[in-house]
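Down below are the structures I want you to see.
Each of the next two complexes has chain A plus one other chain: chain B in the first, chain C in the second.
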Partner chain A sequence: MRELSYQEMGLPEEEYEQIKTIMGREPNYLELGMWAVMWSEHCGYKNSRPLLKQFPTEGPQVIQGPGENAGVVDIGDGQALVFKIESHNHPSAIEPYQGAATGVGGIVRDIFTMGARPIALLNSLRFGELDDPQVRELFAGVVAGIAGYGNCLGIPTVAGEVYFHPSYKGNPLVNAMCVGLVNIDEIALAVASEAGSPIMMVGAKTGRDGIHGATFASEELSESSREKRPSVQVGDPFMEKLLIEACLELIQEDLVAGMQDLGAAGLTSSIAETAGKKGMGVEIDVLRVPRREKGMTPYEVMISESQERMLIVPRQGKEQRIKEIFAKWGLDATVIGQVTDSGMFRVFEGERLAGEVPVESLTGGCPVYTRVGEEPPYYREYRSFNPDSLPPYSYQKALEELLGTPSIASKRWVYTQYDYQVMTNTAVVPGDGDAAVLRVKGTAKGVAMTTDGNSRLVYLDPYQGGKLAVCEAARNLACVGARPLALTNCLNFGSPEKPHIYWQMKNAIRGMAEAARVLDTPVVSGNVSLYNETAAGAIYPTPVIGMVGLINDIEHRCDMGFKQEGDIIVMLGRRRDELGGSEYLYRCHGVESGAVPVADLDEEKRLIELLLELIREGVLCSCHDISDGGLAVALAESALKGQKGFEIQVTDNGRPLDGILFSEAPGRVVVSFKDNQMIAVKEKAGQYGIGIQVLGEVKGEDMVLKCAKKEVIRLSLEQAGKIWGEAIECCMK
Partner chain B sequence: MKASIYVTLKEGVLDPQGEAVKKSLHLLGYDNVDEVRMGKYIEIWLQGSDPKKTVRELEEMSDKLLANPVIEKFRVELEGE
Partner chain C sequence: MKFAVVVFPGSNCDADCYHAVKNVMGQEVDYVWHKEENLKGYDALILPGGFSYGDYLRTGAIARFSPIMPAVVDFARRGGLVIGICNGFQILLEAGLLPGAMLRNKSLRFVCDTVYLKVKRSGTPFTNQLQEGELIRVPVAHGEGNYYCGPATLEELERNRQIVFTYSGPGGEEGEEYNPNGSQANIAGIINREGNVLGMMPHPERCAEHVLGGTDGCRIFASMINWLKEARVK
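After this line comes the complex of A and B, so read on.
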């Protein structure tokens, strides 16, 4: 393999100079490679660290915040949830199936490394528009890859989201989230130990896979990315399954002092992060690393990103027992080196010292850039756009078009490829509710989880959009009856070196932090994916929220489907007719503009409390939040899920009805309940200071919306079901 | 004409299927097996008078559909050539 220069490895000149100063000499090729991967954005967070500091990370429910492999929250009874979301955008753009599959593999390792058994997978995906055959190929490959890996592991993929927008053409987003369950006294942290402890490697053999994955992830995608293609990693879920079982057994027997998976930047990163934590040093011999390919250089061994490998630092004297357990699972554990107290990361090739780098500077010394963002000119222009200036559009046609829009249409084509029932704990399955609900066997509890992020809103107004993403995730959990506990996020942006992009990032993070603080959902883990750009420009700024919540008694849960003829349908929340940034404006008027509706965080919090109380007391028959497509789409989805029609009256409020029908303003949900609960609902809503609008009732087999007794929309369940249910299937034929 | 196309993983790409087969062969007692790499063999019957052009066409098919050029390589053979 041709040797790369420091620039080609992604190091700017000033950083190279800094490295020379730290080392007191020129680094050799191996050392340079180690610096480059560790000081990439992916590992070093050099552009995002100062911004991430704004996130609230503490709370009584938080057991472990950011800084470990994953965050941990308390769910009572001595149990905790371990969870994190991570991107695998660039590998998926190059090889969709393997890119997505290894993305799942990586996030699962982060979870069981903490000692938790993975119980659920989620994802958040973004692609270009489906009329493009290349996009269809990417979409099909990514979904198949997630399914292939997750299904083989026997972990259910229970929830997710998919959006289609031209800004993702050529740069899809593939964010995978994993949730694990652990007994609090069995949580394992990646801390290594005293000098003299051996360092073991276990799992797959090392090949030349993914060399430069981490530096590659921090570069813009270009035509020349094709040349870097031999670096594609291939996943082996069966190997991963063995690792899960073996590693959890080690933790249960309390045999390990430190455990770390090998992800981006391979051995370099996992060793540095394990040893670097306590100011220790480390010595390893690359010749002892089991290899799959011949003639690998120390450089290649140290930065290879071969999948399904783990690093283990055994407790004193437990080496033999660890080998026995691995042997039982058909795995070889090999000692490749040891922990020292030198503070140096020394790499030997047999007797020869191939390179040495101070660990501390490798991990903690990564330079941090606080940049100055600049407000892009589009911001003010779009904000002042008034949707009332648009020509009228048929409400009936608008609803039909929205239901048939792939971003809103049923995601059945996607989730039927996933095994979402394996482990038999999934109580609210994909498509049934606003979030997935899983039972925690042996208890009455349920846990709920969701992923959310509307990038158009973030693009138009990063600060408001950031707040809205957190609000929607929390509201979705409340809609199934779960109290939101904490969140993880994946921050997908373009190049932070561009002032407009940095401005988007800065403001989106500020908005998310503020919402997370008010809604008491601290950020416990996350991942940053920058440089998501192609020749055509940057992706829409896409912070994705993964949130988990708790239901004390799983019997008190709710889904979105209407249940019975005659049930009352109401909207909880303030009437808001704002259309800024809505899918309706985009699909029906071709406009992505307008002032983004402002989230009232205090109101959102009260709405969540109200929903939790109503669901706990068994008042609600259905509950569904109003988001993409607005009230009309929310009603249609509840109708389609329950296979029951409705008749609704809306008032015009002195302006066209498109506002009430298609506004995506936050803080509103559609609920249904038995008619004898009307007084109770009104009273409770009053107590929490939440507005209530009686809309109509569950009725017949048509969806009927009227204004002043005149029908504005009538659509049969069958017809709507066809449009909404088959939109994606039709594109993918 | 009949064409044979061999699609195999590129050198260095992990082959979990091959690994599994190798393990099974070892279990059956074939200890002399060092490595197994799996691929696929495709037969295509097609019309054409100019073998050079046909091979080019087959290579195009392989590149676009039959193989995944990101991780696989292929070899085209035309019968009777």
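After this line comes the complex of A and C, so read on.
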């Protein structure tokens, strides 16, 4: 391998100078590589750290906030959920199957490293439009990669989202989330606190794959990115499955003092993070690291991102027992070095000291940039756009087009490739509800989870869009009957060095933080993916929220399908006709503009409480939030899920009906219930100060929308099912 | 009754089967690690789903060489009840306990869904609680469930009534659109000639509780328990 300069490794000159000052000399090539990966945006969060400080991270439900491998929230009975979301965007852009597969592998390791049994996977995906053959190839490859890895592990992939938009052409987003279940007294943290403790490595052998992956993830994608294909790791889910089982056995027997997975920046990062936390040092010998390629230099061994490797610091005297457990699973655990109290990270190659770096500066010393954002000129222009100025559009045609747009259409083609039922816990499966629901065996509890993020809204108005993403996630959990507990987030943005992009980040984070605070869903973990840009420009700013919630009694859960002829259909929430940023404006009028509807956080919170109470009392037969495509699409989805038609009356309020039908304004849900519950629902809604609009009833086999007794839309279930159900499949044939 | 769930490295439905047998059906059950060589004391074996050895060579192809397999074959030859589910079915094929082979799904994609099965034969140790011609709803999840066998074998399977479950439409209709993997003759599950070894791609353990959306799977486990009880009485 040709030697790279510090610039090629992604270090700017001022940082290189800073490193020289810290070391008091020029770093050698190995040391330089270690600095470069640790001070990359991916590992060091140097552009995002000051902004992330705005997030609320505490609450009585929080056991572990940001700073560990994953966040932890209390779900009662001595149990907790461990969860995190992470991006694997750049690798997936150039090698979709392996990029996505290893994204799943990485996030799963973060979860079982904490001692938790992974119980669910979710993913949030963004691609260009499906009429482009290259995009179809990426999409198919990413889905197959997620399936190939997750299915083999036997962890159900239970929820997620997929959107298609031109801004992601060439730079797809692949965000994977994992949720684990742990007994609170078995949570493992990555800390090495005793000098003299051996450091063991276990799992796959180290190769040259993934060298400089963390650095690569911190650059813009370009024509030459494909040449970086060797930076993409190859996944081995079978090895990972063995690691999960073996590592969880170690935890159960209480054999480890510290455990850390090898992810971005490989050995360098995992060792630094294990030793760096308590001001300890470390010595390792690269010759003892099991390798699968000959002639690897210390530099290559230290920054390789070969997958499925773990670092273990045993409790005193437990080394032998650890080796036995690994041997049972056919794995070799090798001692590669030891913890010291020197504060130095020393890398030996046999007897020779190949490099040494102060641990603390490597992890904590990463420079932080507080940049100045600048409002882009588009912002004001879009805000002042008035949708009423657009020509009329057939409502019937609009609904049909929206149902057939891949971002809204059924994702069956995607989720049937994922094993969503393994582990026999999935009580609300993909496509059935606004969030997945899993029972917790041995208890009456259920846990719910979702991912959400509408990037168009964030693009048009980052502050409002950030708030809306959090609101939608919380609302989705409430729609299945779960109380939102906490969130993880993946911040996918363009280059923070560009003032307009930094402005997007700053405001989106501010909005998310505000909503998370009001809705009492603290941020317990997260990941930042910047430099999502191609020659054509940056992606739409895409903060993705992963949120988990709790159902005390899983019998009290709800899905979105209409259940029975004659059930009453109402909209809970205030009538809002705002069309700014809607899919309707984009699909039917080719416009991505308008003022983004403002979230009323207090109202959102009251709506959540109302839904939880109605579901707990068994009042609701179905519940579905109004989001992409608006009320008309929400009604159609409930009808299609339940295979029951409806007849709805709407009023025009003196303006065209497209507002009421297709507005994506927040704080609104469509529910159905038995006709004898009308008084109860009205009363409860009144108590919580939530508006209620009676729309009509579940009826027949057609979807019928009327205004002033005149039919404005009529679509048979069969026809709608064909449009909505086959849209993605047709594109992928 | 005492069940054994055989665990290969890469099995991932072992815990699900264990849970269904123990907590839902209320039977005794042990995990048996693939390195064991003895299956004494068990009344029935479950080879669970998953990706044994990563399914890297061919599904089930490496698992059949596990140390436990001679004992499994011996158990079956002596008339013990063996059910192979999904990857377990694939292993039974590789081990020669059932005829035929698995190909990749016709779509070339993994498929997870809940399908209708038609009970083609009741009265077996696995179907004595089901009616012939009856439809049950059972989840499938596999990438290689496309059952194949030569015409002579197929004829033999049909003649000996070894086809136990086929994929079906909601009204009992047969057709390509209801077959999730393109299997020959819509085969979802077959039994050996002696009637004590069943292989099926669908997962009965995934539909054994109301919270999971159905309980048809219980009836397959209940059939086994019932058959074992009656065998004991005799």
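Operating definition for what follows: the second predicted complex is superposed on the first by the 733 of 733 C-alpha atoms of A that agree within 3 Å, B and C clash if a C-alpha of one lies under 4 Å from a C-alpha of the other, contacts with A are read in each partner's own complex, and residues count from 1 in each chain.
Following the convention adopted for this analysis, a residue touches a chain if its C-beta (ideal position, glycine included) is under 8 Å from a C-beta of that chain, and two chains touch if they have at least 3 such contacts.
The shown structure was predicted, so the numbers you read here are calculated from the model rather than taken from an experiment.
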Query raised in the report: Touch check for A:94: first (chain B), second (chain C), both, or neither?
Result: first
Query raised in the report: More residues of chain A are touched by which chain, chain B or chain C?
Result: C
Query raised in the report: Given the touch rule stated above, what does A:238 touch, chain B (first), chain C (second), both, or neither?
Result: both
Query - Which superposed partner A:625 touches (first chain B, second chain C, both, neither) - result: neither
Report task. Once the structures are superposed on A, label A:86 by its partner contacts, choosing first (chain B), second (chain C), both or neither. Result -> neither
Report task. May I ask you to decide whether A:434 touches chain B, chain C, both, or neither, giving the answer as first, second, both or neither? Result -> neither
Query raised in the report: Which partner does A:292 contact after superposing on A: first (chain B), second (chain C), both, neither?
Result: first
Query raised in the report: Residues on chain A in contact with chain B in one complex and with chain C in the other?
Result: 236, 238-239
Report task. Would you pull the chain B residues touching chain A in the complex into a rising list? Result -> 10-16, 19-20, 68, 70-71
**Report entry** chain A to chain C touching residues, read off their complex
**Finding:** 144, 147-148, 151-154, 236-239, 241-242, 328-330, 415-424, 426-427, 429, 439, 441, 554
Requested in this report: Write out the stretch or stretches of chain A touching chain B in their complex.
Outcome: 94-95, 98, 204, 207-209, 229-230, 232-236, 238-239, 292-293, 306-307
Report summary line: As the complex stands, chain C meets chain A at residues 9-10, 12-13, 15-16, 19-20, 23, 33, 49-51, 53-56, 109-113, 139, 141, 143, 203, 205-206, 208-209, 211-213
